[in-house]
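To start, the structure itself, in C-alpha cells.
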Amino acid sequence: MFEKVLEEIKLRNPIVHCITNYVTVNDCANAILAVNGSPIMADDIHEVEEITTICNALVINIGTLNERTVASMIKAGKMANHLNHPVVLDPVGAGASKLRTNTAKKLLEEINFSVIRGNISEIKALAMNMTSTQGVDANINDIVTAENLNEVISFAKKFSQETGAVIAITGATDIVANQEKTYVITNGCAMMSRITGTGCMLSAILGATTAIGQNDLLETTAYTIAMMGYCGELADQRVRNDNSGTSSFRMHLIDALSTINYYQLKAGVKIELH
Amino acid sequence: MFEKVLEEIKLRNPIVHCITNYVTVNDCANAILAVNGSPIMADDIHEVEEITTICNALVINIGTLNERTVASMIKAGKMANHLNHPVVLDPVGAGASKLRTNTAKKLLEEINFSVIRGNISEIKALAMNMTSTQGVDANINDIVTAENLNEVISFAKKFSQETGAVIAITGATDIVANQEKTYVITNGCAMMSRITGTGCMLSAILGATTAIGQNDLLETTAYTIAMMGYCGELADQRVRNDNSGTSSFRMHLIDALSTINYYQLKAGVKIELH
Amino acid sequence: MFEKVLEEIKLRNPIVHCITNYVTVNDCANAILAVNGSPIMADDIHEVEEITTICNALVINIGTLNERTVASMIKAGKMANHLNHPVVLDPVGAGASKLRTNTAKKLLEEINFSVIRGNISEIKALAMNMTSTQGVDANINDIVTAENLNEVISFAKKFSQETGAVIAITGATDIVANQEKTYVITNGCAMMSRITGTGCMLSAILGATTAIGQNDLLETTAYTIAMMGYCGELADQRVRNDNSGTSSFRMHLIDALSTINYYQLKAGVKIELH
C-alpha cells in the first residue's frame, strides 16, 4: 500500500497547507518538499479558507501559537473538514501551559482530525489533562517501555475512539492506533531528539502522505513514521562515519527523506501489527 | 558592469531591510550575507521607517503576510521611495488567495518598485488577475516554453511599462525585462524547486545587488538571477558527486553564493539579450 | 568550574525559555540542544509565565520585536526574576531604531538581567543612547581595539554596576565583566559574521550554561563565549579544508558545539583575566 503512496506523491505533488510554529517551519517546508509534496504556509484569518481549498491536506501545529493564529487554525480546519481533506494535529507542548492544552482541546472540539501525532505527554495532556510536558519533550515517567506498552496501546485505542483520529504516539517506540488495530514501530535513533523539529517535520510529512493514502490512514501513518525513523537511522550512520554532529544529522535526515525509495524502506522498517 | 557590482558589494556591504515571511527568513539573511550584504529584518510599524533609513535597499516579500505586516510594508516602501533606495517586491503566492493578490496590488499602487520578481503565475496574478498559483509554484499551464517565450516577453515588457519596475519572471527559463530590453536566462536546475526559499533568497540578494547597481537595474537584476541559477548548477554537481539530497543542495547553494567570483560566473552564465 | 557546568548540563538538560526573533530561532533551538539543553520557544502573553515556571532560564532577544512580544518579554522576565532563574538579554539592533533602544531600556527597568550580551554598539546604545547600530552589527568606529580596550573594560564594569548584570561585549575581542573582574577572550574567526545568528545562538546557549552555573555567572559567561568562539575556529578549519562556504560553516559550528568536550575546550580557549 505505502509503495503506491510514495509513487503517487511523486506524480501528484500534494499541496500541504501548514499553520505551524516559527521555530521549525523551514524544516517542515523542506521535509514536505523532500518527500515530493508541495508546502504552503499561511496563517492569516482572511486567507486560510481559500488557501486550504487549493490544498490537499492541512497540518495544524500549535508550537508558538498565539491568539491570532488559533482563530485561523479553527477556520482552516473547518474548511478542510468540509472538503474532506486529511487534517493532522501536532499538539506541541500540550500540557506545558493551559493555553496550549486548552487550545488543543478546543481544536479537538471544533475540528475532526485524521491523525493526531505527539509524544506520550502531549497526547496524555489532550486526553486526560493529567500530565505536564517539559521542554516540549516526554516526561521521564511518561516513556513507553516494554512494561507499559499494552497500557499505552489501550489508551491510544480509546483516544482514537473518542476522537475518530488515528493516534500516533512517537518516541523511542512509536505506537500508531485506531479503534481496532495498532502498529508498533521501533525505527529511529537517539540523535533525533538532539535536533529541533523531528516531530514537527514528521507531522508535516504526514500531511503529504495522508493526502494520498487517505483511504488507509492507519497504515499510511504507520509507514510514514517508520520512514522518518529509518531515515533517522541512515542519517545517524552518516554522522558516525564522518564524526560530525547534530547539524550534519539534520541535513542527512532531510537528504535521506528526499532520496529514499520503497525498496530501501521495506528492508529497513521495523514495524509490527500488535 | 556586474563585475563592479560584485566588487563594490564586498567593499560597501550594503544593508538590506527585509520585511519577509517567517518560512525562509533565515535563508534570506544567510543568502544576503553570502553575497557580502548585511541583512536587517524588521517589520514593526513603529520602526520600519527608521530601519529603512539606515539601509541601502528594501525587500518586501508577502509570503505569510498578515494585517500587521502589510501596513509596515507600505510605510517602509514609501520611505524607501522617498530616499530613492531600490525596492524589490516578491509577490509570493499572489493568485493563491484574494488577500495575497489584493495585497500585492495595493503595494503596487502605494510603492514604486525597482524590481518585481516572481514565477509566471504570480506575475500574471498581479498583472491580470486571471490565474491561480499552486503551492507557491507555477501552474503547469503557466510554464515558459519555446512556444510562448515571445508572448511572455511581450507581457513582461508591458507590465514593466505599467509599473516602472524591472520585471523578473523566474522558472526553468528566466525572463528579465524593462520596457525596452529583455534578458533570457537559462541557468539553474530542477533541484532548485525541491527546496523552499530559492525564490525568496533570490529576491533578498537582489536587494544587495541593486543597492550597488541601481543605475543599471536591468543588467544587475539579470546577472543576479543568472548567478543564483549558476550557483544552483554548482550545488547540483556537488549533490550528484556525493549522492546526497535536498538539504545538502541547500547548503551547497549558499556555499556557492558565498564563494563565487566574477570570473567563474562569467564562464557559467547562460544569458542572452533578446 | 566550567568543566562541572558542561557535565551537569548533560545530566540535567536545563530547559531554556526563549522569547526570540523569527530570523534565527531555529538556530537558537538547535544550538541549545547541541550543548545538551532543552529549548522551549513561547511568546504568547497568556502562557509565558507558566512556561517560564517549568524552565530553568529565560533568554530575551529583541530582534524582530513587536508590541505583542514586548509585553510577553516583560511578563516572563518578572516571573523568571521572581523564581530566581537566570535571565539573559540580547539587545539585537539596539541603537538602530528608537523602538529597539527604548524597548531594551524598558526591559532593563522592569527586569533584573543576569547577563546582557551584545556587540559594542548595542551595549553602548543601552548604556548611553549615543551610538547607532548598522545592519545589526558593530559600527566601524565602535570596534574594540588594543587602543580602546581599557576604555571599553571600564565602560563595561560601570554598566555592570548600574544593571547588576554580567556585561558581555562580543566582537573580534570579547569582553566579559562584572563590577570587579573582567575576562578578555580572543577566540573566534571572521567567518562568524558571514552567517546570521552567531550572536543569537551564543545568547541562547548562555541560557543553558547559566542555568547550571548561576553561582558563578562571570566565569560561566566567559567560558561559554570562549567555547562558541573556539567552535567557530574548529568550523573555520573544516571550511578551509574542504573549500566550502558560509552555509557549511554554520553546520560545522553547531556540530562542534554538539561534540566538544572540556578537554578540547581547555586546550583551545584564549581567555585572560584582565
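Note that the chains take the letters A, B and C in the order they are written out, and that residue 1 is the start of every chain.
As a working rule, a residue touches a chain if its C-beta (ideal position, glycine included) is under 8 Å from a C-beta of that chain, and two chains touch if they have at least 3 such contacts.
All values reported here derive from a predicted model rather than from experimental measurement.
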Examine which chains touch each other and state the graph shape they make (line, ring, star, complete, other). complete
Rounded to the nearest 5 degrees, what is the angle of the rotation relating the C-alpha atoms of subunit B to those of subunit C? 120
From the mean C-alpha coordinate of subunit A to that of subunit B, what's the distance rounded to whole Å? 33
Expected list for subunit C, residues touching two or more other chains, is 22, 26, 250-251
Complex contacts: residues of subunit A adjacent to subunit C: 21-24, 26-27, 63-67, 93, 96-100, 132, 134-137, 194-197, 243-248, 250-251
Help me check something: in the complex, which residues belonging to subunit A touch subunit B? 13, 15, 22, 25-26, 29-30, 33-34, 38-44, 46-47, 50-51, 54-55, 68, 250-259
